[in-house]
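Next come two complexes, and both contain chain A; in the first it sits with chain B, in the second with chain C.
Moving on to the complex of A and B:
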């Protein structure tokens, strides 16, 4: 192979974003899903930021559920589309498995970050939240988003090769992501209230690291038939 | 020989059941006779752990080795049995929780952890249902099982820290101390051993059944 690993990974990443910008499939479905659910929640709950106890309990869970289900709705396509359009074979020939994983992972991570960039400011505005530690909120969103992206990349590659990919994806993803979501919800609560609850971010980053490393180890076995 | 082993396991478990109800003393701080369920609850919970670990190890062996379908069948059989034992652990735990805490279900961190574990392996079995039999299914489900091994420490050690637990300290606790009366410990150990042997016996039967089914399918093709 003449091209370097980094070049292959970058090419996969650029290709995925180019396809995305042509069809706008993920951006449209993910962003619209997130927006719709957030508006419904806001309509029902009102400006709950005025009630500190209520918003502390409800908002972090709500935000992460919206991000998770938006991800589950649009992200499996990253691999399902490759299998359906039969481009997976070409991709297998063109790049090393670990480079494919890296490229897809960064692509999905940027998509998740884009959803969060829409959901988080809107949630702050619609619920009238007061954020005690903005930097920690960004850190919690980034670390939690990476957890969702890493698990999604691996699981999407698995379900793309089975039947009923989208329903199967939700079934497989929830138990894997549950510890990460519980940590992300707690870290978001800390960022909103400013009351420390232990080293949640460290644990969340540990989860991210473990799943990314496991992803690089397992992906070649998943990807190559 | 096999019949002798089966008979001695039957005898062993019969003695364990008798000892659990008549020989072992009651634990202090437990309502009425409720501590006796411990002699069954702890071993079945332990066996479900052993079963899921067996499935994880067999999956690693499958992926790292020469992709021997025997490892795949063994992993699937271990998950199926692990689910049965996990249900038994949940039900015995819930009965005890009703007596001690007043309700069957309290979302205690340990209850949450076992529910998520059962969901995880139910997803594993759903994944196997969704893919046609063959190397593809073995490869993908093994990868999912190994991912489970990676995530499980967060489930068992991190999740419980996010909530307050009423669950008694596990027998093998963080301090490494055994705070169980010696006769209770004897029954508990004997029961755990009996259930573990029972699991490996059932597991061997399931594996043989799987091998026979595989050979039959090969013959059909």
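Moving on to the complex of A and C:
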């Protein structure tokens, strides 16, 4: 008997969330980081609600920096932990590489979505923002979150194979994530102001598609010797 | 001709300046055991990792056949049952949950894991991080035999077992051999094994 690809990917996804919910390692770290940063920023940047125009410019940058740093701090664990705890051997023997990548990607994407679900409404409330286009804001958060999740999943898989994983992750992440972040910030600002700035969402989705496809193509060679 | 066969020739592997495995060659057919012996550091574990498809050798060839058809590297990896000290499972999950995960990954019913837990005398409720070394070894055996593999790669397979654990593992090994599987067993000392079809001495 052999399993379907989707069943394998789902098993990896469920396993990652089950382990996560039992230790709450990443969720607790990321939520604490996101909340602290947002609260400190809202206090330091002046009385909440003042200068709505400036808030619309600053808040998108702030939100995406929080999501990025939370991701950078917590997500390399996805593969580094598998290698360091030596669970990767059994996973390599039992599952197809592309199913492992898909399961990990969906797990990380849902983690990023959870961070966004905390950070975005809180930012809107703390800075007393009026959202001009709510649907576009949700779309920007979803597309930007997928970009960060896909890029960090792939980068985490690469750095897990070598020593000095954290440093290598930081060096590789900058050029890969910079375009995604710039697009996500701009798309979020457009959703807040309602002033169109080209088809940013399409570009962001193209980035998502490229990184996800690159991930599926490259991962088997990274994961297996 | 046996349904399953494994042959390797001239396998060598370096880790930087260290020559971990030098020019290893042997073959074994279904129903038999290839016994690999040698002192610590002679390359036994490296050889088994190469055979499992977990490590790429620098030189040499590996050919696994199933009913006359040569298996690709990915196919060989999926057909291997691998017991080794460096195999670990998820600390947050119990033995039973770990086996259910690998059953789902391999498309197997969960009942197979339950049978193996019972045969190996492992309760299965304890999280992996709280298991003794002997319990961990039993779980490694259950993981390795879950999919009834035709190629068993066993690195120091009886270490940390008590008498009952070793007896259960030997019975399961004998059943797989009787069913036509082959085994490569690596150990630093002379271990009594059934159906030994060949011996490979490394670092001698």
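By definition in this document, the second predicted complex is superposed on the first by the 218 of 225 C-alpha atoms of A that agree within 3 Å, B and C clash if a C-alpha of one lies under 4 Å from a C-alpha of the other, contacts with A are read in each partner's own complex, and residues count from 1 in each chain.
One rule holds in what follows: contacts are C-beta pairs under 8 Å (C-beta built on N, C-alpha and C of every residue); 3 or more make two chains touch, one makes a residue touch a chain.
Since the model is a prediction, treat every value here as computed from it, not as a measurement.
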Looking at the combined model built on chain A, do chain B and chain C fit side by side or clash? fit
Can A:3 be said to touch chain B (first), chain C (second), both, or neither? second
Superposed arrangement, angle subtended at the Cα centre of chain A by chain B and chain C, nearest 10 degrees: 90
Partner chain in contact with A:205 - chain B first, chain C second, else both or neither: neither
After superposition on the shared chain, which partner residues are touched by A:15: those of chain B (first), chain C (second), both, or neither? second
Partner chain in contact with A:23 - chain B first, chain C second, else both or neither: second
For A:92, select first, second, both or neither according to whether it touches chain B, chain C, the two together, or no partner. second
Once both structures are aligned on chain A, how many angstrom separate the closest C-alpha atoms of chain B and chain C? 5
Based on the A-chain superposition described above, do chain B and chain C contact any of the same residues on chain A, and if so which? 225
In the complex, chain C residues that touch chain A: 52-56, 74, 77-78, 80, 82, 84, 86-93, 97, 101-102, 104-109, 143
Write out the stretch or stretches of chain A touching chain C in their complex. 1-4, 7-8, 10-12, 15, 18-19, 22-23, 85-87, 89-95, 99, 224-225
Where on chain A is chain B touching in the complex? 151, 154-155, 158-159, 161-164, 168, 171-172, 174-176, 178-180, 182-183, 186, 198, 203, 207, 210-211, 214, 218, 221-222, 225
Spell out the part of chain B that touches chain A in their complex, as residue ranges. 63, 116-117, 119-120, 122-123, 126-127, 130-131, 135-136, 139-140, 142-144, 146-148, 150-151, 154-155, 158-159, 161-162
